[in-house]
Amino acid sequence: MSKKLPYGMVGGAYNAFIGEVHRKAIAFDPRATLAAGCFSIIPQENTDTGALYGVDSSRVYDNYQSMAEKESARPDGVRFVSITTPNSTHYEIAKTFLTHGINVVCEKPLCFTVEQAEELVALTKEKNLLFGMTYSYSGYTMVKVAKDMIAAGKIGKIIAVNAEYAQEWLIDELGQADPGTAKLSGWRSDPKVAGISNCVGDIGTHIENTVHYLTGLKIERLLATTNTYGKPLDMNANIIVAYENGVNGAYWCSQIACGKLNGLIVRIYGTEGSLEWEQHYPDYVRYTPKGRPPEMLSRGTGYLQQPSATGNRLPSGHPEGLYVAFANVYRNYISALIKKDAGQALAPADLDFPNAEDGLAGVRFVHAVIGSAKADSAWVNV
Amino acid sequence: MSKKLPYGMVGGAYNAFIGEVHRKAIAFDPRATLAAGCFSIIPQENTDTGALYGVDSSRVYDNYQSMAEKESARPDGVRFVSITTPNSTHYEIAKTFLTHGINVVCEKPLCFTVEQAEELVALTKEKNLLFGMTYSYSGYTMVKVAKDMIAAGKIGKIIAVNAEYAQEWLIDELGQADPGTAKLSGWRSDPKVAGISNCVGDIGTHIENTVHYLTGLKIERLLATTNTYGKPLDMNANIIVAYENGVNGAYWCSQIACGKLNGLIVRIYGTEGSLEWEQHYPDYVRYTPKGRPPEMLSRGTGYLQQPSATGNRLPSGHPEGLYVAFANVYRNYISALIKKDAGQALAPADLDFPNAEDGLAGVRFVHAVIGSAKADSAWVNV
Amino acid sequence: MSKKLPYGMVGGAYNAFIGEVHRKAIAFDPRATLAAGCFSIIPQENTDTGALYGVDSSRVYDNYQSMAEKESARPDGVRFVSITTPNSTHYEIAKTFLTHGINVVCEKPLCFTVEQAEELVALTKEKNLLFGMTYSYSGYTMVKVAKDMIAAGKIGKIIAVNAEYAQEWLIDELGQADPGTAKLSGWRSDPKVAGISNCVGDIGTHIENTVHYLTGLKIERLLATTNTYGKPLDMNANIIVAYENGVNGAYWCSQIACGKLNGLIVRIYGTEGSLEWEQHYPDYVRYTPKGRPPEMLSRGTGYLQQPSATGNRLPSGHPEGLYVAFANVYRNYISALIKKDAGQALAPADLDFPNAEDGLAGVRFVHAVIGSAKADSAWVNV
Amino acid sequence: MSKKLPYGMVGGAYNAFIGEVHRKAIAFDPRATLAAGCFSIIPQENTDTGALYGVDSSRVYDNYQSMAEKESARPDGVRFVSITTPNSTHYEIAKTFLTHGINVVCEKPLCFTVEQAEELVALTKEKNLLFGMTYSYSGYTMVKVAKDMIAAGKIGKIIAVNAEYAQEWLIDELGQADPGTAKLSGWRSDPKVAGISNCVGDIGTHIENTVHYLTGLKIERLLATTNTYGKPLDMNANIIVAYENGVNGAYWCSQIACGKLNGLIVRIYGTEGSLEWEQHYPDYVRYTPKGRPPEMLSRGTGYLQQPSATGNRLPSGHPEGLYVAFANVYRNYISALIKKDAGQALAPADLDFPNAEDGLAGVRFVHAVIGSAKADSAWVNV
């Protein structure tokens, strides 16, 4: 199908978890097709993955540099590349493809330093490209509904925020004798690979991004405590933020909270009502108009105004799940790319997907949190 | 990729809801590829759908009869066909493909009469084919976990069942003046297209199938009341069943219950504990061992033994949703088909997907319920 | 305080569970005072209880007959007596006090046979007395709110009912070798003391009473299955009822459902909305107006119209609990009695407490359920 | 009954909310009897209340000073006095009764300044009296169960705490033009009557007390932001605490969070598990042992070890509610007082009720929070 939008992957071998999620999510959209890849640094895995997904062997590359060079030289070269490699490699890979004029979708985090992030943002602009980030929670339909409700003034002026992302999966690491041999957390607790933060970088940034996506609020400054429990990097953090409008929010992220799986909960309180959303039950939003009982809004129902930038895929009462959230991010990205490639102007509504600026905001957030914690919880400007 | 399993679709135009779900679900499995189709009786839709999904135009057929003939004659013909057309056409289409030696996956219901269903079951056996039914709720990972727990004796001998499937979506129809112009329910309340039942056939059968899948219990007889509220077909039903082991269960299905979306809830009580599952939150099972507090089991956790016939696709705490349930049904079906095509014997564990017998059981259930209701709630053998 | 309303107790020794609940509930009302009693057939317990609660020893009686005689002869005799003795004694004791012109509040069940119940109803009328029954769940404030909402048409015409009362506490009895030595259930499974039913009589009647209290619906006929699991009396029952308006309801009661404590759940569906209430969280009602999201109504909030016959005792968000439900029943009973004693006419709103007719309805319900179950689930008129 | 423990009340007119709760809670205990009072500064209300509750008119006092003098001079004088007057009067009244050798139970807050609180603590010790505080949430049975579980090591070493108390009831005040005329909050937002804090003092202290009661953790220092939204005192606060063991906790309290009633939620995370409790559903604790699913523990069940210092009053599944929590505080206080009066030594387990030290800790907490907020969120030692 020559009309299909060809894309490539860096990372995403058949046995890689998150790459597989990306590929399945893109497959929800018949407008795109996997055309090239550098799936693994293990040659056999690379070849096998290409074969499994029907990629022409001439477009299965040994390394991402040659992929960027050759694809950018082809008239039918990939229009975007999806990067799902380890975090420490995001910066170099993204930079390479941008430099070659190829659009990029990158797993979070964008990179490790503010300088790198600013460079990628600038490069994207300079090259006039589209850069997508898979902060996937913003892809849930009900998060979009909540965002639209807030924008429409349904909860009035925001006056308080409370959000958290708690997990339990690293609890077993606390008892381990050697802090260096963190088996569960793997690279996440290794400063060489994970950068300056484990917990805040891995999940705290999702709080930051989701609250920002929902409310548009910008953090002016923040203060924080982090807890490492004798390990190299943080595994728990309490953060108080001050937004530019003078309102405060409290964020808590943790990887050692027994009973929590991927407990991202965002609660926004305004002068006219409140909205609460929990990732475990993503098809619902608890909405309380001032002076009224809480209402449990459900995705896909007739009483909801459909979100501006996406629609429902399943009728109400049938859970859409995380794949659909990813698919929504990609759908919006692909729509924008097709429109841009057709020479049409992109309106703000066309850009309803996380981008490099969001990635930069995430990096800044992590640095501010870790910086405040090291400065005995002093306020740090973001 | 010549190695891929080619499949075809009857129904499933690009703008058809359930066909699209099927196609996306199959797309989770890189082993299968869409190779032929008769997607719509509207020629333009048929052509466009084929084009959109990259099906060679020579294999986009005007009608399912010629599709069955030609595909069965090709050496590279489709190995199975997925039927997602209106209910009243399932029987004829399925029969046609079976007759031509092509395996079938069919949306529920299998057909309208017990005789038709028995014929399809017999034909499947005679032709030595694999017949799958997309009773999709049995595809949820935690339903499989619950099934395995029951089989392993975790709740002892079953002594009571309570299950329901309640929806609200037809409530507005009650006020309509003309019972013949049911806008919302569409064909579902038209006896010519829907057969003898609306509510029991559409959602009551999911109760029957899910309880049977979980427990293996067979209904010996049942009695029922149905409510039509002045409309041609049932919109609410209360059913008491007697299983072959002497235990009773109560089933309730409704399309007029405000506040209910797709509220399939199955609760199984045994001598050693209980299991409760709700479709709205499919990644969880509430398990109460006798004399102990309820435990909220979550998909993907380390304390759960993985279900026998499928694995998790996402880590615990990330909702998988309905697409994955469909994808699990298809994955198991495709695995079985590949194994069978390779000449290997299929063990019971290989057959973990609903089949024509399940479809037959559903048809029998509907007839028994409607029959009992018409006989002033007398017991009817199933 | 001569102005206080003196009351007496039959049963309710200091170490008796339900009698203590009654006494505490009455103590919420400063208008009544415990003045006499026949607390126990064990003389020491009887004396000690009187002493503990400051009852003059001359009014602590050896038997209820002499209590009825002497109190009815005193000018300052008790105005009502609260009966909390074993079920099999309710009839005789109530009859005795009514005969002596003393008002009665009786624990459920009223008695064992329809004839006895009719006799007590008639005697109450003949003597022009007030007879209260402590179907305590009708005392919860939010049950009253729901009743008022239904009466006000908030859910339109009722079209379906689904209610249950499930417990787990007798599960251990199933494994016992000797059906006669039921330790847990005690007298409840002994036909000599419990009458014809265990589960239906003990908790099934609460379903019947609560649905009737909420909706005013009268059961025309019903059919049922019961399960005894080899024990003398029923421990699980499924019931389908037909109300006089042609609508059906499904009731399930069980004492062997692991994970259930006192799970009385009542769900009422109407043409304009639904109301759902659960005894475990009695301060909340889930209300879904047609075409709108479910609202979680909370007791004590400004958006609720206060219930007609009672008010809130605690601000919203502070659980009132079962004692308050009992206290509300007694408050309304005491208010009515004071008003009646003052020679004022009692309006229907003054009689917002369960009475002997409700007790009679309960006895009829039990007999119909057990009768249907014995007649292979035939319909039985109620 | 000469054997009953006579007590008195300061405040608690028949129409006063919290005084009535205290009186009903004490009435759960037949060992105590209301014998004296200074119920209101309005003479008629004072007299009427005494009459309503059967207090001898000679012991209904015009002012608390004469009550303290005369009762302390009587051989049958009250053994303790319950203070439920406005907050600003607690200190003087408590001091007066302590000085006269009368035991005190005081509503929270104990007083307004650390100096006052220390004085009351010292005076209590000097006079060898028992001082109770009605931090009532510590009276819930399941809070006691959780406390015992933590003490028994069920969740290991505590590593994180997250707690909140959110309300919505002052949201309407935000829009009012004149910050001085806060109608809803009344005296709570008036610095002259409420002291230095509204929200933190009123509900933030409940977080502090409940966490401390459950865990025994002592706050070493804390930092905070508060939000007044243009009003005289705080209505929202975010607090990060550092306990003496190096662990951090996050507390959030708010009176402007739409959808929240009395949302006290305490979540304690340890190396071996977690415990979560919510005041709206006080009969339950969510307990997650490490590596296991969450368990919903229910009050009154056989699998729970009964709490050390109290028992259940109702069977599991019947909500006990706030009155019982208050009654438990009073029961333990009265038991201790009777034992002390009998000359017996009091063991730690006998002192399971909040006391003056807890009141002092509350005052210190409020001052630290407000102090930190005024110092741009600097750490403040507690």
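So that you can tell them apart, the chains are marked A, B, C and D in the order they are listed, and the count of residues begins at 1 in each.
Please note the rule applied: a residue touches a chain if its C-beta (ideal position, glycine included) is under 8 Å from a C-beta of that chain, and two chains touch if they have at least 3 such contacts.
What you are looking at is a predicted structure, and each value in this text was computed from that prediction instead of being measured.
Note on connectivity: the fewest chain-to-chain touch steps from subunit B to subunit D number 1. Remark: among chain pairs C-D and A-C, C-D carries the greater number of C-beta contacts.
For the pair subunit B and subunit C, the fraction of shared interface numbers is greater than half, so the two copies use mostly the same residues to meet. Averaged C-alpha coordinates put the centre of subunit B at 44 Å from the centre of subunit C. If each chain is reduced to the centroid of its CA atoms, subunit C and subunit D end up 34 Å from each other.
Distance between chain centres (mean CA atoms), subunit A to subunit C: 56 Å.
Each of residues 291, 294, 298, 301 in subunit B touches at least two other chains. Listing the residues of subunit D that touch subunit C in their complex gives 1, 4, 14, 17, 21, 24, 27-28, 30, 33, 51-54, 167, 260-263, 279-283, 298, 300-301, 314-324. Subunit D meets subunit B in the complex at residues 287, 291-298, 301-303. Interface residues of subunit C, counted against subunit B in their complex, comprise 155, 159-160, 162, 164, 168, 171-172, 174-175, 223, 225, 227, 229, 236, 238, 240, 242, 247-250, 252, 254, 256-259, 267, 269-274, 276, 286, 288-291, 294, 376-377, 379.
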